[in-house]
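I have placed the structure first, in the form of structure tokens, so that the comments after it can refer back to it.
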């Protein structure tokens, strides 16, 4: 996340938003943001969303995620918005949608569903 | 990919290998490689594997992928090995496995299945 | 679908609903609807949702889907509601949510994201 | 499973095979086995494979699975072969491949990756 220059810009219980600005070294061969950038910020947004609903002394780990690319990830910045779909004691299911923003306009460019695991008694929380 | 310092170290028809060395800014809160790094190199390895079997004037785009995290992504470097499972005219299905290497020992830390789309007549191929 | 006794109860452009009534032979070892039933009706609902937005002479095929199980699939009937997230010329991405209904109450028991392919010039449409 | 007439034909530690014979009511609009049948037998094969490696008093539940359709599911019978990729205390990751058999020839028609959860102290095991 530091590597991408991504910022956690919003955190509410069960919801988060992460943004990353355009940088040429984050693009793939067509000049779009690399799919790995969309995946990374969406995964991280899901992890944080799950984390807002876990016990204070727990940590979270991604079990798996799937991402469908819907449109080229273009724009001044890429925005991942995640929310918890189901919060369980051990497993939490989250969705995240990724948007490319140009000025005021946002284009929906990817959608993710992720499974996050909570591990009790391993305090944690630094964003990297 | 440039951003991660990843290297395409092997390319055969329908198979590729990508490696990325340890760097602290690629880790998450527990000191493992971030899941986004595993996803990025596995996705890229799948895209290249598909690309080796497409027409010379085609380009490839990721339609979707799913990654399951199997073990912490630890080690001096992370290795993604991809192979084509089914190559079609429009869609190619690939799998990639990600390993953390410490000295001679490798740990299987993630597995991906990806759908890659070929678009004819859009020559391409720069690695980013 | 015939095999399950499932019924397509609602079809609008880009949206469908499929229902299947409880039958003991559709349950797994704990008495819930088998995950395969949830997957089958959600997949079919996604296929029909995509089909409502394709050319009249096209057919649809499932490329892939992923389903996350959120809660036991219990109740008098199981309901899958699908909608198109992105409709493309070749590929359409749909989501479906599956609910178990007991009387008036519905429980969200699974969520799917599916990729559907349109093949032009192969007229089709019988429900099975 | 009973509903499909599926049979668990092989069980070894970490590996299973399930077969289902052709029946017209298991097909979709093109005469292939419905994708839901492939998904159901692959999911069940994964669950059983995981179950072979869990404690005797545990039960298993599917957390999620993804299936990629590779080729039409045609033939006299459909075969799902599953194996455990990683067995953990709580979560087990399995893959399954689905083949359509005509005489001696098998065609690889789908591939699945599934996450299975073990719940201790809930003895179980009837096949349905």
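Order of writing sets the chain letters: A, B, C and D. Residues in each chain are counted from 1.
Here, contacts are C-beta pairs under 8 Å (C-beta built on N, C-alpha and C of every residue); 3 or more make two chains touch, one makes a residue touch a chain.
Since we're looking at a predicted model, the values are computed, not measured.
Novice: Any chance you could check whether A-D or B-D wins on number of contacting C-beta pairs?
Specialist: Looking at contacts between chains, B-D has the larger number.
Novice: Where the centre means the average of the CA atoms, what chain is farthest from subunit C?
Specialist: B
Novice: Taking the mean of the CA coordinates per chain, how far is subunit A from subunit B in Å?
Specialist: 20
Novice: Could you please state the distance in Å, as a whole number, between where the Cα atoms of subunit B are centred and where those of subunit D are centred?
Specialist: 27
Novice: Indicate the whole-number Å distance between the mean C-alpha point of subunit A and the mean C-alpha point of subunit D.
Specialist: A distance of 31 Å separates the two centres.
Novice: Got the subunit D residues that touch at least 2 other chains?
Specialist: 63-64, 66, 68, 115
Novice: Please output the residues of subunit C touching subunit D within their complex, sorted ascending.
Specialist: Subunit C reaches subunit D through residues 1-4, 23, 25-30, 34-37, 39-41, 43-44, 59, 61-69, 124-128.
Novice: Which part of subunit B faces subunit C closely enough to touch in the complex?
Specialist: So the residues of subunit B in touch with subunit C come to 63-64, 66, 90-91, 115, 117.
Novice: In the complex formed with subunit A, which residues of subunit C make contact?
Specialist: Going through subunit C, the ones touching subunit A are 66, 68, 70-71, 85-86, 93, 95, 108, 111, 113, 115.
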